[in-house]
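Next, two complexes with chain A in common: one pairs it with chain B, the other with chain C.
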Partner chain A sequence: MIKRSAAPLYLFEYMFDIFPQLVVNSLIAGSIYALLAVSFNFIFSATRFFNLAHGSFAVIAAYAVFYFGRELGLPTFLAVGIGVLFAATSAILIDRFIFHPLKMRGGSPMILLVASLGVFTVINSIISMIFGSSFKTISNTIDKQYFELFGAAFTSVQLWIFILSLVVSIGFFIILEKTIFGKVVAAVSDDEEVSKIVGIDTDKVMAKVFFIGGGIAGLGGILAGFDTGVQPSLDMFFLLKAVIAAIIGGIGNPYGALLGAYLIGFLENFGIWVIPSEWKDTIAFVLLIVFLIFRPSGILKRK
Partner chain B sequence: MDYIMHLSVLVGVYAILGLSLNLVVGYSGLLSLAHAAFYGVGAYGSAILMKDFGFSFLSAVVLSVLITMAVGVLIGLVLSKFDGDYYALASLGFSVIAFGVFLNWRDLTNGAFGIFGIPKPEIFGYKFLAGEPYAFLVLLAVIFTFLICYFVVNSSFGRVLKAIREDEKALQVFGYKTTLYKLAVFVISAGLAGFAGTLYGSYISFIDPGGFDDLVSVNLIVVVILGGLASLNGSLLGAAFFVLLPELLRFVGMPDSITGQMRQMIYGLGLIALMMYRPQGILGKFRL
Partner chain C sequence: MQEKSKGLLGVIVIAVVLVMGYFALSGGEEVVEEVAEEAGPITIGFMGALTGDVAFIGEIVRAGVEVAVDELNAAGGIDGKIVEVIYEDSGCDGEMGANAANKLVNVDNVLAIIGPTCTPATLAAAPIAEEAGVPMISYSATAASISEAGDYIFRTVPSDAFQAAFASDYIYNELGIETAAILSCLNDWCQGNADTFAATFEGEVLGSESFEQGSVDLRSQITKLQALEPDMIYMLSFTAGSIAGITQLNELGVMDDTLVFGADTFGDVSIWNELGELGDGIMYTEPAGIEYDEAFVEAIEVVLGGETEMNTYVPRAYDAVSVLAWAIEEAGLDQEAIKDQLYKLDGFVGMSDTYSFDENGDTENAQYDIKLIEGGKIVSAE
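This part shows the complex of A and B:
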């Protein structure tokens, strides 16, 4: 840890030395947050309520990889596929059996939010009961290679995180902008009633939204798991990063969520220049509250 | 018998937390997830005052409740800008920030190691040890809290609060400063949560940040909603149910290692079922 009372010149050199490493760390954190935030924002745009079980999808996927990859010894790419599928399927089921019926009963966004809190609690307890609440590593099935670029060290896993996150985000944006499905989702997000009247099967669209959103969140959870490991309590961590990134980026705007995610990644990592590193997790919340007070609509306007 | 007294103390602490949170969630309609922050400030406040500064129990309680209320003013001022789901998120943010402070302000809170050896209360030379004396003390505290909440709810102040919950705009038209009313009830609620914290810390004699994290806020919301929104008796019921459920599970032969998780699961399922069939909670009078 840096002592802030140290000579300024020394501090300056030190900052210069760790600058490339901080950039790399920020990009990796941002890539993980991006998947979580983009998918959270996607589901929020379509359903208009804060789904507090979003981080749980990510944790489900990471534990599926732990089980199929490490316990059963399936090849990594297969385990990742199963993990993503697990998250996507559980998201679809939760919508079908909990959120959808609640909406049919005319539940307000608050009721849905509280119900999602219930889902969050249930998933957390089930995972803790099956796997225990201690920390598990899932990456030791892969050989990690170490790279160095401009004095910043990173692993092959981290390179994968960056690339996969970028590819998935871009692919997702292309689907949103260029396909009929993207337009249908935009229509449902805009006005569910009118979409129904013009003949869109909104239930089916919602199911797809949850499937895709859950899957992308799942991938985020898996990548985070490969980087650091998994623990049931990560659900809150994932959820909060997703919510904060989506809100400060501009809720309802997919590019905003991406922007917000990388912004948090950079602020958390560069924050240690001025604040001791153990405050890293608190920084994002201070940022959220500052944004909620001064610019509640976020950086980018809703699309 | 000691065990029953132990459970009674815990029920009492949760009852105070539930009653005070119900003022904000049930009577004002604001889903606050910041309650664990105040609970923690109260617990840390009195523990530090008694251990490091040699305050007596009563003065430590009064002072740390005042500190908690001051923190409540600050947080409440920020939160007064929000309502609905944004209120829930922003207040959750404060829970996490408070946890960060308990964990990282090591000079004051001893970080993750927590504070050991918090003295038992001594009032006018009588030391309240664990068991019946402490249970009696907590019972008095619960009655005291209940009376405060009862008064708040049934006074003209409480009626204005309920009116704001139903239609804030209309009340503003009539010239009520609605923000001020919401802030006042938030600060009262915060102070009472801090009070619960002081009782808990002295009883368990050890506190660490994990006892006051965001999950505690979530659990308290469940206590309030399950028992019943805008019902003081409901909060007592919710608190009793929360503390006694793991014991009940143990009683039917469930292994100790999973009773905590089982409780979480039953709570989650209960919350979902309530939202479906009875969104105001068991004894509740107001639905979100």
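This part shows the complex of A and C:
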């Protein structure tokens, strides 16, 4: 076995070298998880089923940016816009042609879950067929600037990730709280049948929910792609982080999803400060189990 | 409705019984056929990573094997028998390796197997081949643990027992580097190399961090290692982890003053294509003897239908086919005799190397080249 440095050594001796960088690392990871979790939670609240294809929206958007930004050389902001639109549109189409018809035939959440597993597999295969299954970067089309703050290094891309994630999340919360649309979604989430009776066009609302949710998830995938790169197999990674963050934060509560995402980001990165790093990907799952046992409603209760 | 579904159930039961009966009977017939078919083609299996992280190796190796077998058949096959190959995707993990081996051994009844590409797939396939007594020759699975994987398991690529030791010796004695840290993925190949390196490095190993093979966020692992200020980082990762990890090593400023040294997974040109000049200065080891003639490359390009980047394993896979053909020619079609014959391999001159198998089925000739990344391209460090 490899000699491992003991944990206390890291904790105390290198505290000031490591701490600021770990904060930055956590914020980057948390920002990406946040968009995925908030959008997953949004679609789940409205539809009441576990959409396993949620990570696929993120991968679709990232590959759209890879294609339009890197292959065709469009300006970055334009490519990002197209990517978000791609994810949002595919989310709408998947709802319209797969989830919606199933629901009309009385499909239970379980049937929709299985259908979404099929969607997940198909999208993964299609993307692998078009782009291949290897890992590709998309950030080398833009010039990165390097910054340092309190000894923590980060790039302009990572700064953008943090800002965009925060702005989009807050903007989304404002829409939910302050607009009629937000109230309508809340009503549909509460009881779809009753909403229908009082005259809400629930089909239209669902389409909008998928459009917005898919778009936000897409932005999450794009930012992750800019940070590291894209690979078709990242769909499962995106999905798992989104689901765990949403459950820990309190499923059905948009603020909870945001909180859960940053909590996972921080615990993953700070956790391996004290325990061996091979456990990094396990931390989120341990957290999930702890919450499911001791506080199944999550940090924040459903609104 | 009730009656109808009962009727349907009955039909299904009858259908299942019929199908099973058919297979049971046809299975019996196959045995008879096999005896009568002594003069028929020789079927061997191929396993390789045709999808996933190291598909860059698997796809071109598959073409190399195709070329080797075509040449063999053009020259009259083995003892006048044509050789047929069944190609299976064994990915780069244990599950796919076991699935591919099960199919080749139990469904296709192959005489022998060439492959797989990756260590995890090989370790999963080995017990299946061993139990069925099917000789298996890998061309690129390098982990030291494969030496113990079974009597029927051979390889035409040197074991990592040599690779990481060669690297640690070179780093300490040739480069004069005294402190090291290890950053490795969590699979048999990465961990095997990491352990060997830690055990053989004469300087000090300050720390070691690891990550899941599919993980692309290695920042906090790197942050921890960075605090220890090692002179070099021995990095063991596959394509995705390498691209993401090296980008992050750059972003965190580690590569300004620390050497990054890897092993043969860094031979994937797509890593350096993606990274551009971010990878400059990185060094790695690769099994030596990558010699092949232009005609071989051209033949492979015909199979693949386009230009290709050769890698060190393609000629080794070609040689695996030659070695197997030699053993079958000498020993006949009995699998145990083929296995025994393979252990007698001594000084077999292949395309890329001279092979002798030791008692573990490992090739005794373990030479490595040191490569360097310069201007986004792989060059020789010598």
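Just so it is clear, the second predicted complex is superposed on the first by the 292 of 303 C-alpha atoms of A that agree within 3 Å, B and C clash if a C-alpha of one lies under 4 Å from a C-alpha of the other, contacts with A are read in each partner's own complex, and residues count from 1 in each chain.
Heads up, the rule we're going with is that a contact is a pair of C-beta atoms (placed from the backbone, for glycine too) under 8 Å apart; a residue touches a chain by one contact, two chains touch by 3 or more.
These numbers were taken from a predicted model, which means no experiment stands behind them.
By the document's definition of touching, of the two partners only chain C reaches A:Phe154; chain B does not.
By the document's definition of touching, of the two partners only chain B reaches A:Ser125; chain C does not. By the touch criterion defined above, A:Gln231 reaches chain C but does not reach chain B. In the superposed model, A:Leu240 makes contact with chain B only, not with chain C. In the overlay built on the shared chain, the residue A:Ile293 is in contact with chain B alone; chain C does not reach it. Judged by the touch definition given at the top, the superposed model places A:Phe50 against chain B, while chain C stays out of reach. Of the two partner chains placed by the overlay, chain B and chain C both lie in contact with A:Asp281. Judged by the touch definition given at the top, the superposed model places A:Tyr146 against chain C, while chain B stays out of reach. Touch criterion not met for A:Thr179: it reaches neither chain B nor chain C. When both complexes are aligned on chain A by C-alpha atoms, chain A residues 128, 276, 278, 281 touch chain B in the first and chain C in the second. Interface residues of chain A facing chain C in the complex, by the touch rule stated above, are 1-5, 10, 14, 17-18, 21-22, 25, 28-29, 128, 132-137, 139-140, 144, 146, 153-155, 158, 227-229, 231, 233-234, 237, 268-269, 272-273, 276-278, 280-281. Residues 51-53, 55-56, 182, 186, 194-195, 198, 205-212, 214-217, 219-221, 223-224, 226-228, 239-240, 243-244, 247-248, 251-253, 270, 274-276 of chain C are the ones that touch chain A when the two sit in their complex.
The residues of chain A lying in touch with chain B in their complex are 49-50, 98, 101-102, 105, 107-115, 117-126, 128-129, 236, 240, 243, 247, 276, 278-279, 281-282, 285-286, 288-289, 292-293, 296. Residue ranges of chain B in contact with chain A, taken from their complex: 31, 78, 81-82, 84-86, 88-90, 92-94, 96-97, 100-101, 103-104, 214-215, 218, 221-222, 225, 258, 261-262, 264-265, 267-272, 275-276, 279, 287-288.
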